[in-house]
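In the two complexes that follow, chain A is the common piece, with chain B as its partner first and chain C second.
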Partner chain A sequence: MSVLIRGNPGDTHLMMGNEAIVRGALEAGISVAAGYPGTPSSEIIETLARLSPNTDPDNYPDIYTEWSVNEKVALEVAAAASFAGLRSLAVMKQPGVNVAADFLMHLALSGVRAGMVLIVADDPGALSSINEGETRLYAKLMEIPMLEPGNFQEAKDMTCWAFELSERLNMPVLVRTVTRLSHASGSVTLGTLTIPDRRAFFRFDGEVLDPMEGPIMTPPVEIKHRSQLAKLDQAAEIFEGSIFNTYEGPEAPELLIITTSICDLYSREVVNLYDLGNRVGILKLGTTWPLPSRTVLERLKTTRKVLFIEEVQPFIEEAVKVLFAGSDMVGQGMAGSGEAGSGTPGSGTAGSGMARPGIAFYGKLSRHIPMAGEMNPERITRALETILDLAPGLNGGYPVGQAETLPIPPREISFCPGCPHRASFFSINMVLALDNRRGFTCGDIGCYSMGMLPGGFSTLKTLHSMGSGSGLASGFGKLGRFGMNQPVVAVCGDSTFFHSAMPPLVNAIHNKSAFTLVILDNSGTAMTGFQPHPGLPVDTIGNQVPSIDIEKVCRAMGALTRTCDPFDLETTQQYLLDCINDPEGVKVLILKQACALSPQKRHTRSFEVKVDKELCIGDACGCNRICTRIFSCPGLIWDGESLRAEINEVLCVGCGVCASICPSNAIVLKEI
Partner chain B sequence: MVNLLHDPYNLIITGVGGQGNVISSRMIGNMLAAKGFKVTIGETFGASQRGGSVMSHVRISSKATLSPQIPVHRAHMVVSLEPMETLRVLEDYGNQDICVICNTRPTHPIGVISGRLDYPSMAEMEGRIRELSRQSWFFDATSMATRIGDPIFANIIMAGALAATGDLPLERSLFEKNLKSKFSPDKVTLNLKAFDQGYAMI
Partner chain C sequence: MQILGPAELSNRILARDLCTLCGACADLCPYVKSHQGKIARLFSCDKETGRCHAACPKTGVDQEKNSSSLFHKPLTENPLGHYRSVHMARMGSLITREKQGPGKEFQNGGSVSVLVIAALQMGMIKSAILTGSHGIIPDPRTVTTPEDVLECAGSRYIAVPTMAMFNRAASKGDENIGVVGTPCQMAGLANLRTNPLEFPDFKDPTGIAIGLFCTWALDGDGFLIYLKGKEIDPAHISFMDIPPPPAKAAILTLGNRQDMTRREVKIPLEDLRKLVLPGCAVCPDMTSLYCDISVGALEHDPGWNTLIVRTEKGERLVDYAVEKGLLTTAPISGESMDGLALAAQNKRERAVSAQRSMGMLDPEFQKPLKPEPQKTIMGFR
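So, the complex of A and B:
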């Protein structure tokens, strides 16, 4: 970590992509950074928080770092710093841009002052998300410049340069990273740290249209929009000479790969592995919006076949095809008529009877690359095999027929041993089943999203965006007049409550909807690494701050609110029953118990847990193995030999909940 | 810089979320980066770690920065903290020349705990792993680690075993230096004990 502050210029260090981004921001001399946690972006703000002046005032930069309540507010907090003359960073995962998009659109139009960079981490393949949303289209939609680092060094260098670009254009600049870069590590050679003059002052007395001295707002819209578009043209011009756009390969390649982001490393890997360096060239674009059109067209002129390697949507593929269609490479009367741009495999000439140069475009649109899912070397290999007619099966491995391994069970993700969510979902599930009116639970975003899986008893029946469980429940809760009598439950976490469940709760109370909101309060933004939120008495860097009491907030709104410990199954189930039996209004049940991995709980045990082999009578019990088959905590084992339950002593964290589900009282607790 | 056995050398460290893959891959990566190699570590963390399969791709080269994903069937070594995960990795990344270091302590997935699915026997798994690799080593690193004081040391035991294979220049002195920059003296002693015990298993 200290390398980020103490590393000397010119030194090379192994850094995670997200750390390289942090170093780039420090080299640019940022003063303010704000974000909302979300995999794979969280380490950026987290790292900056650790480097805060609180820890070591003599050695650390004076940066204000904030975990904001949601991404829109984070973007606003960062923009305020820029308006007041300080370089600032906003950080989020892709779905966060959807939340921040309203402000972003206006910010793009109003412009910024000191350099302001928005880092967005996409998650192609949904490795830790419930979508594989694409941020790059926002650059086009919002009309702002975008950079896409292709390796660890560029993650640092581009982040740093993005601030300079932002100041040249007075525009926010988007830097788009992906999981495989943000969470991977590689070599980074350091540059020089900048210690800026950090005096903040917001000027507003100048002319309305003066970007540096006037008020900052979007009207007069048409004039501002024209100026925004002119700045975007200027960005394209700057991009033409950018060192972040590179070409490697023969002067006239048989196939030109156009790629960006981490896909560049996959492309290189495959070209090297199959020794195709004399046939295939790679144009790597780092400045991907607006496209540097001359750079691209010059390369198109040298080849007859182009393959696009990018993730997830065919963003560059479409942009380049549009560029090609409007270029002098397409003769009069040919645009849109021939197969140029059609992606027809193997064709390089026109089909309308007239010989002319054409380009066959391959990629997602031609289905040579799958439209969904993340990129990897194999997808590129398969595309190259088809396009270049390579012998298949270059992958190696085992002789045919010898690679079959044993049938091995999948490893579903689930709640950790001692996780309060397992207990909470066990109770919700139990109560809805007892009620027998086919009640259901609307899910939300957090570790508790796993409530949709068998490990969470498949409790969740809807799962969408942050806060949507409560919004959907608000809607379901109004359907009684149309005959719906199913009890409606929504869950949300403590951090999610503040992020975006409060407005739907207000909506539901005001509109007299009927449902039960269960707030799974585990004392932190647990899934992403225990970032603090407004419900806790500490801020991002550990200072004491006022906390906002969820229970009081809900009461003030007018909801019938109760709190209990989800490990107390009996009380929890009784409260839940009371809630769903009340047909009127919004009820809130706060199930409060800290996450098993939280710093305050980790390595502590409440109980020593043992199975009494005399009392556990296994299959003869009639419990149908409720502890392992239903509750299925990873801390429990069903011993196939003795046909009894057992405790996995390595994994059990001693929460003691399983003891209260065993009908034979065979799980014995000893207080530690 | 010493010559690598293969350039790039592709190492996979696998296990179950929570076993400490990231600690292990970072430590090995740092040791080799300090020797001047270009190291790329590909991994994912987040929800995937909540008891799910995890895998770190550690790629070592004297020439170029490599992609964070090893192409299929191109791994040279699998260091596995969980036996069933070894088989999962071999299916996708194995080849006739691959070597395996395998912790024999199973971690049952939810489907097995709940009785919906069967976990293969260790004898079956070991047999198949032996067939699918050029060379393989098996030992209960979790038990060894628990005796040292914490199951998490299984990581370090595996790293010690990897060092002992001689495939990569992972000297004990380098490991010690790395530890001293991060941990208190008592932790350094325990980690070195784990490293040595792992080293002795090869």
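So, the complex of A and C:
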């Protein structure tokens, strides 16, 4: 990681896509970076944070790095730096752009000053998300230029160049990456580090329409909008000659693959595997909004079959088809015949004795590539089998395994041993079931989202976006007048509380909604790697800073608020019962216990835990293995021979909660 | 009848509203609990046979087994069940209505309360599980002193899972526990006492079981809503009585004995019938067939009880109570016996007919369910 600042220009190092992006930003000379944790983007701010504090300002850059409270604020923090003349970086995952979208739209219209780049990391296939949203449409919607690196070198080079582009156009530039680029590693040759020599000053006295001297705002809207569109045209022109748009293959390929991002590597892999290099050409676009129309149309003229390889939505596919429909290729009687393998000549509209046959476009819209899910070489192979009439069942020499017959036990993902959420959800579930009125819990985003799974006793009955659990609960809590008598519970984490759960809480209190908010305070933003947040007395770098007390905030808002330890099941359940038995108003219960992987908890142990096999009744009526079958902490194991529970001494972290759930008192704790 | 598991109990009884809240299934394990007067199912238990199903009087009572284990006799066709003697009874000279403190009022002859006091005094039991109340709302309790027993005097008309409290006491290791309960509660207790799952270290902790006569019980929630509609505060109800036919109304007494504003309110029986638990319709037992002593009203005299002594233990208790002046007994008329037997027979016939129409007598009712394993979010079954 230190190669990111110590490496010399020309050195080649192996680094993660996110690290390459960091190096690119350093080479561009940023001064400020802000973001909110979100996989697969988190390493960018984390890496920048670790480069501080700066002890050698002559040789290494000084950068203010911030984990902002949410993505909207992160974008605003970065924008402020840009307005004051400093290059800045904003970083988030795809749903974060949704949160920042309102500001982004206005920022695109108002323009920026010093170079400002928005890095967004998408998660096709939802490997670490609960959505596979598509960021690229934001470039079109917000009308800003967008770049998509296709490999690790480009991740660095394009990030660096994006600042230059941003300054030329006075526009924010979107750089879009995906999991397989951000989290994989490759060789990157370094450029030159820049120590920026800029003093922060916000100029605002000049002419209203002067981008560098006037106030920065969106009115007069129509004029600014037209100038924004003119800048986009400028960008398209700049993109025509870009080295980031590459072509490899024959001059007149039988099939032209148009691809972006990491899909380029999948495409090359398949073309090499089947030795199709003489039939298939690959046009990799790196400047993907606005599309450089000449670059694209020139390639289209060389072929009769085009296959779009991209993820997740058919963004380039639709944009290219629009370009094609508006081009002279159509005017000359050349029709696009579109779907399913019908690349027959002369199938176009009636024309004046035209000689040019149509183009068949293949991709997601023709269902050759599935509309949902992540791209992989197999999907490309399946498509090529149809389009190029390849022998079916090719799998590139990969042996097809007999995986289905292996006796692999189903292993659901679950909470860590010692996780406070397991205890919290156990109590919530128990209390709602005892109450018997079909009460339910609205979920939110964090490790505790796993409360929707069996490992969390399937407690969550709704799950959407950051802060939405509280918002939904605010709504549910008003339905009593329409006959709803089910107790409503919402959960949110300590970081989520600051991110976006406060407005719905205010809404609920003010509008007299009736629900219980359980704040699962594990002292950090755990799911994404334990980043700090405003509830903690440390900032992004680790300096001591004021923390904001969640309990006091809730009280100040006017909610009935209590705090207890989720490991104390009895007290937690009693407090929860009190909350759901109260038919009116908002009740907040803060369950405070540090995450098992947090700095203060890790490698500590409260108890030595053992099962007394004489007392354990195992799977008999009266227990039926509630510890291993229901509570299912990884530290508890079922011994199929003695038919008794056992503690896995390696995995158990000694939190002691399981002792409270054993109906036979067979789990014995010894204080350490 | 088959002993099945929690899935069948849940599916065939709880989900179909056939539960009469006896509580015998509850608090034996982490999965079936009694809470605030209701039976709650927590998490999921996949056992094929369970004590919950075996205890439940609605899943089927093994009458042969209960008869032989409690009375050491085979099954009888007599609608009043097995018994050694039947009497009229009421509290003896030692405890009179005048001497009774400001606590609860006795129902009819007050025989149940004095029998429990006698059992405690003679050491037959160390504690008793009774059902007290706050106003009209029933409240199961463990008692150990005569004063606490008297606090629980009076009939409860709202069903409450008292047997769950017994189960909790038994699992704590208590012994010689006395229980007073309704016929379904006594049946549940009897089922559990036969050690249905044949645990090797099973010990019956029952000291004495006193059953009550019962034709039906009320759904608590429904009754409270009804009372609210009539602007009657349930907490102020100190006494409730349903006089024998031809009475057309139940009588609620508001305010306790010291209260100057004490008054009576009549509730039409036809209103109450709408609030009866659906599960009571399938219950064939009017006099609590499976216990040591059964106690109920005496039709022609509200100051006395009908006392059915079923076991040798029950007989010993009654003899002691009479000897100590706690209880007075007298011979019961043939007319009363006939009336009682007829009423019991009628209830049995109505119940069997209702059971048949609910499919409870079909062979399917005794077969295990084969639930489809559900898919989890990640796709596992």
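Following the convention adopted for this analysis, the second predicted complex is superposed on the first by the 626 of 672 C-alpha atoms of A that agree within 3 Å, B and C clash if a C-alpha of one lies under 4 Å from a C-alpha of the other, contacts with A are read in each partner's own complex, and residues count from 1 in each chain.
As a convention for this text, a contact is a pair of C-beta atoms (placed from the backbone, for glycine too) under 8 Å apart; a residue touches a chain by one contact, two chains touch by 3 or more.
Just so we're clear, the structure is a prediction, and the values are computed from it rather than from any experiment.
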**Request:** Check whether A:212 is in contact with chain B, with chain C, with both or with neither, and answer first, second, both or neither.
**Result:** neither
**Item:** Contacts of A:661 with chain B and chain C, given as first, second, both or neither
**Value:** second
**Asked** Regarding the shared-chain residue A:413, is it in contact with chain B (first), chain C (second), both, or neither?
**Response** both
**Item:** First (chain B), second (chain C), both or neither touched by A:270
**Value:** first
**Asked** In the superposed arrangement, does A:436 touch chain B (first), chain C (second), both or neither?
**Response** second
**Asked** Is chain A touched at more residues by chain B or by chain C?
**Response** B
**Request:** Name the contact category of A:152: first (chain B only), second (chain C only), both, or neither.
**Result:** first
**Message:** By the touch definition at the top of the document, which applies to A:626: first (chain B), second (chain C), both, or neither?
**Reply:** second
**Prompt:** Once the shared chain is lined up, is A:40 touching chain B (first), chain C (second), both, or neither of them?
**Reply:** first
**Request:** Go through the superposed model and pick first if A:322 touches only chain B, second if only chain C, both, or neither.
**Result:** neither
**Asked** Intersection of chain A residues contacting chain B with those contacting chain C?
**Response** 410, 412-413, 454, 630
**Message:** Please output the residues of chain C touching chain A within their complex, sorted ascending.
**Reply:** 28-31, 33, 35-36, 38, 40-47, 49-52, 197, 376-378, 380-381
**Message:** If we count contacts the way the header does, which residues on chain A are in touch with chain B in the complex?
**Reply:** 12-14, 39-40, 127-128, 151-153, 179-181, 183-187, 262, 265-266, 268-270, 272-273, 376-378, 381, 395-399, 402-403, 405-416, 447, 449-450, 454-455, 527-528, 625, 628-630, 632-634, 636-638, 648, 650-651
**Item:** chain C partner contacts - residues on chain A that touch it in the complex
**Value:** 410, 412-413, 429-430, 433-436, 452-454, 457-458, 619, 621-624, 626, 630, 661, 663
**Item:** Residue numbers on chain B that touch chain A, as the complex places them
**Value:** 16-18, 26, 29-30, 33, 38-53, 64-69, 71-74, 84-85, 87-88, 90-91, 94-96, 105, 107-120, 124-125, 128, 131-132, 142, 146, 151
